[in-house]
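Dropping a structure here in structure tokens format, bear with me for questions.
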Amino acid sequence: MQNQNKVKLSRRDFFKASGLAAAGISGGGLLGGLTPARAKGATPPPMWESRYSACDMCFNKCGLIARVEKGVVTKLDPNPKFLKSRGMLCARGNAGIAQVYDPDRLKHPLLRKGARGEGKWQRIPWDEAIDMAAQKMQEIRKKHSPCGHLFTAGADLQSQFVGRFAEVYGSYNVTSHESLCLLSGTRGFLDTFGEVPFADLLNSKYVIMAGANRFEALVTPDSIDLMTAMRENGLKLVVLDPRYTKTAALAHEWYPIRPGTDMIFMLALMHVIIDEKLFDRQWIEEKTYGIEQLSEHVKQYTPQYAAQECGVPAEDIARIARELAADAPRSMVYPGRRSSDYENSSQIRRSFALVNGLLGNWDKPGGLLAARAVGLKGVPYDPPWYDENPDDRIDAHAAPALFEHDGSFVLTREAVLKGEPYPIKGWFIYKTNPMVNAPNRKKTIQMMEQMDFVTVVDITMSDTAWMADLVLPSQSYLERQDPCSGLQGSVACACVIKRDPVIDPLYESRPVFNILKDIAGKLELGEYFDFNIPGYRKQQLRDLPDAEAAMDRDGVYYNPSKVYGIYEDRIYKTTSHKIELYNQRYEQMGLDPLPVYTPPQKIPESRFRLVVGRNAYFTHGSTCNNALLHELTPENVLWLNPDAAKILGVRDGETVEVSSSVGRGEIKAKVTEAIRKDTVFMYTGFGPLSKGLSLIQNSGASIAALLEDQHDAISGNAAMHETFVTVTRKVA
Amino acid sequence: MAKQQFAMVIDSSKCIDCKGCVISCKVANKVPEGFSRNWIKASVPAFSMGPRTRTHFQPGACMHCDTPTCVQACPTGATYKDAETGIVEIDNSLCIGCGNCIPACPYGARFRNTAIRKADKCDYCPERRAAGLLPACVDTCPTKARVFGDINNPDSEVSRMLSRNKGKVIKIVNAQTDTKPNMYYIGETAPTDWTTAAVVPASMTVMKEVSPLIKGIVGLSGLGVLAMLGRQFLAGSSDSHEPEHHDEEARHD
Amino acid sequence: MNRKAITFIGALLITISAVSMAFAFGGGNARKGKFLYRKNCRSCHGKTASDLSPASMVQADWKATFEDVSKIPCNKDWQGLPEKDINDIFTYLHDYAKDSPTPAKCS
Amino acid sequence: MTRLFKRHDKSDIFIHWFNAACWLLLLVTGVGLIGNPDIDPVGSWYPDTLRTLVGGGGNLLTIHVVIGFAWILGFLWYLTVNARGAAFFLREVFMVSPARDMAWMIKKMVLMTLGPKPLKMIGMAPELPEQGFYNMGQKAFAQASVVGGVVIAVTGVIMFLSDKVFTAETAWIVSWSVTLHYIAVGLVFAGLLVHVYMAAISPEERPGFRSMFTGHVPEDYARHHHGLWYREISSEPAAKGE
């Protein structure tokens, strides 16, 4: 099975085309000549084996080719046939090698010895670890019902097994990384179009990017297609961001918008488009529901009003609206991804969706694309029913539109701390790091402290692992076999990938599937894990007979399914079966059926709004300690506007103390005009508690320690840009 | 057949500063911590431009110049311009790590590798090319801002790019030291003011300056020997120094 | 207690029963419904009977189907299934119908 | 029979010829290691050809380094087996009597190239002042060889250690070592040309040349060429010769 993903390509077309192939060899003829000192001659090709895999340094899963020499990965290269990533591998993808061979990797099961978070561990054998995990799970289930155990998994090809385990174990309480990330955007678009669209940036002419930073927070193929379209198709990019991101730096126009006011900008765009009748009336009447209500609603949001609120000049708003409409339907407001920003983020994102609805760009080139058919099937199973369980998730009804499979981490934590409506005393966490990513770290620590038993499966001693009772070493993506995954790369492709080991597992690491299978066996749930990965993949691929061979040959299988016009013979998954400009379900639920602008809370005197994000060289807490990437981002710094710094008496590079109502941190200031005067910014992922991350000890400050734990009122997604902080010079 | 000149043609407007090229190169060439064979430079944004504030990112590396000052600074010829490929190579086996070439590069493309303690820089990944692959930085670049090939081959992608952009090709050159670089930027690029004049270390300059003197001394010495040899043959036995004649000579005076 | 109050309560009761008669099902436990659906429906559907999933129909169709359970072709197989269970199955099918929104994941 | 005087120990003879052989090889390989047209002594054809012959500059460097270390080790061996000889050599070589030795040096140079006439013309007696164990010419070359040899050895070792102990911050030492190595070899080589002529080609020193094989010089030669030394040793009751 290891040989299945061997790459069979030897030379690329490039070399044949340009005659470079000859160059590699022709030097050989010279060696016998008179002047070898002036010509290098032939260099032998490396003695490597090439194997396909898919990257796991972020969620994108870019196709890669691992070069393996004597059982060691020496280089990771992009798979040129992998269209979703446009045949590229970014800095993180290339640095995957440093993750696999990270000396800080967990090497064997560890059992907590001292107090929680004290860092005293005892190495134990796997048998003992599995027995203990199973026994504790059984105890908790007996005492508190299966729902007394929480399961949390990050974005990973094996995370589905954590969900499966939770379900057969009997717990409804599963949270994912999503409620600290993209749920608000998902909500906004879902409740307009009935599904979450892909952006056809490659064929677009005009893009407004707000609350997204595509040239740093890379999404494939969007980040690449955006640049290609800008350079080759004359796409115009307008960026709204309180920070001068690299996306802003490369955009045609950048407006340092007042944080939290994106909605009124969008409402004003709609005001202009509707007022000046710049939309396709026939299409809107045919495909959408509620244009009248929307027209009425946006009357109040004049560009002048919006300008006062968001800081973008009224004439620019009007001009942008006209330009956007002129290029419609090849224009869009980019949906974005992480939207865990404000308490009304679902509505903010719905305002993005509404502009797109008005532009009539749905299901069309250069607009928003519906999900294409990939053809991968689910693997059904029939979990048992536990009558002793409570009715619902612990966070049920804490927000009106939670997602069943994701819940809300912030609201779950709140309920766990209260012990209401029922106690949760066990926690199983795989490959996600709420201690670093979830706002208000103090509460996460309290949540940990009130648990009877916490099991963490991860590759390094993350802060979350640091707080656990039992830490189990998992395998990196290059060591394990994963189920197939269906991916859509916007307009680029709908494809299936798989992962096979490219090297033997290091240390005593095990894939989470094996761990769960073993625990299930001890809990008499073995029948639900009575399969192996190849068998599982066969079931996933049962409708795609050619996929396996294609993946072995090219590292990826493409489904040549329809790209545009998918909705020609399809209904929208909404109440009206149309694009809901006016959301009827929201009306029934007592929510605003159209996004109503409420000004963001005023920033108190001598405080700043804290916003967070990242660059293209790390993926939050999971890669900060990566030796190669650490060189590029050794710590996080606090971006501070020069005017603000002057008032505070802070000089560039000085250490400052940042405090919020929930915590504090020390961090170096970066005095820069690349941030608004009323806002400060820092990267996520730094300032760890764990002593197991050797490169980033005492590096920067933790966003989790500083951020307050507000949440999006509709989706329960964390609201991470609602925190005000004070910044003071640190007195030495 | 015309000789090759491998070169990079860069559309730096496409660069998003993702540093994929930097890490890819570091892994491919085992570049030690703290060093890099290539780079992405950034222009300084003028925030007074308001909404039109821009930053230009500029990928770069060794420019494999036609008149490389690093080669001129190398005493052993360990670094040389390959006659066949036009690549400025370093023969590690011959490099003694004297460091002369490092300040001699106007682009800071060279460094003393801390692992091998010798000069290091971009060599367009010969092993990868031998395997039919592109240099690591080019292969991995998301937006394909870096394009690699032989500019002496009119059918190559780089040549086509150069001819398509005739009149819009920029070379980054230092005002004091024009090394005739083979790194071509298309359209516009920035920054362009980051080069430094090539500095040949004093030790090398001294060696170059005393070299004729040394040759002169050796030459004089050689002339002296020739003169003595000439006298030996011309003056013949009268000046012979065989012992018996010595006595004679002494008596003469 | 006066007549007015009694009349009001009576009217309320009538209204409630009328509403519940007009639409008998809803507000059940979708989670339990999923389990019961797997147990009672998937035993035939997808195997010996036609394939069936919540996404087979839109919410309105599911409502119409469950207007009169006795008209469902396989009603005879449902004998003995409590009303509550049928409601749970309906809730599951309705909430995950073809026109219910499909969420996306980070991965 | 002519009386013979012992002039060189076996170890002296060995180290001389060992040194000569090393010098020859190091010079041949070393010049091949200079690969820069600005400092090439004979042109780039030479390093190019030589590197081709040995399969690359790296091999040539290795050969040069090995011979260089052998050369150094040879001298270290000599110092251990014949420390007294070495000390005697250094003493003789570095003890210079300015008036006598300088006069000898100048007169000798004129005599060797132009003959006695120019000296007579300016009213100088062409007679050479008496010399000791070494004449001033020999001394001058020996001094240059000793000082140059030490510089060459030390800088050579530094260059060898460059990729073992030196850092980017200290590489300037290596760079200057290259320069000093180059200059020292050049200067010693200039003297070497005269030395080779005087000792091996010029008939005058033929007995001295022979002594570099036999270890002995005839009495006659000693008297005429190294008068001071001759008087010293001939007055000794136990003459060294037989």
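By written order: A, B, C and D. Residues from 1 in each chain.
Basically, a residue touches a chain if its C-beta (ideal position, glycine included) is under 8 Å from a C-beta of that chain, and two chains touch if they have at least 3 such contacts.
Please read these numbers as outputs of a predicted model, since none were measured by experiment.
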{"item": "Contact-richer chain pair [B-D vs A-C]", "value": "B-D"}
{"item": "Most remote chain, CA-based centroid, reference being chain D", "value": "C"}
{"item": "Distance from the mean Cα position of chain D to that of chain C, given in whole angstrom", "value": "110"}
{"item": "Rounded Å distance, chain B centre to chain D centre (Cα mean)", "value": "38"}
{"item": "Mean-CA-position distance for chain C and chain A (Å)", "value": "36"}
{"item": "Chain A-chain B separation of Cα centroids, rounded to whole Å", "value": "44"}
{"item": "Chain D, residues touching no fewer than two other chains", "value": "35, 47, 56-57"}
{"item": "Contacts with two or more other chains, residues of chain A listed in rising order", "value": "35, 37-38"}
{"item": "Residues on chain B engaged by chain D in the complex (per definition of touch)", "value": "72, 74-78, 80, 91-100, 102, 111-112, 114, 116-118, 201, 203-204, 206-208, 210-211, 214-215, 217-218, 220-222, 224-225, 227-229, 231-232, 235, 239-243, 246, 250, 253"}
{"item": "Residue ranges of chain C touching chain A (in the complex, touch as defined)", "value": "29, 31-32, 35, 38-39, 42, 58, 98-107"}
{"item": "Chain A - residues contacting chain C, complex", "value": "59, 61, 155-157, 159, 172, 176-178, 181-182, 186, 190-191, 194-196, 371, 380, 382-383, 385, 391-392, 403, 405-406, 485, 571-575, 577"}
{"item": "Contacting residues of chain D [partner chain B, same complex]", "value": "33-36, 38-39, 41, 44, 47, 56-62, 109, 112-115, 125-127, 159, 162-164, 166-168, 171-172, 174-179, 182-183, 186-187, 189-191, 193-194, 196-198, 201-207, 218, 220-221, 224"}
{"item": "Chain B residues within the chain A interface of the complex", "value": "4, 6, 11, 13-14, 16-20, 22-24, 26-28, 33-34, 45, 47, 51-55, 57, 77, 80-85, 87, 89, 91, 126-134, 136, 139-143, 149-150, 153, 155-157"}
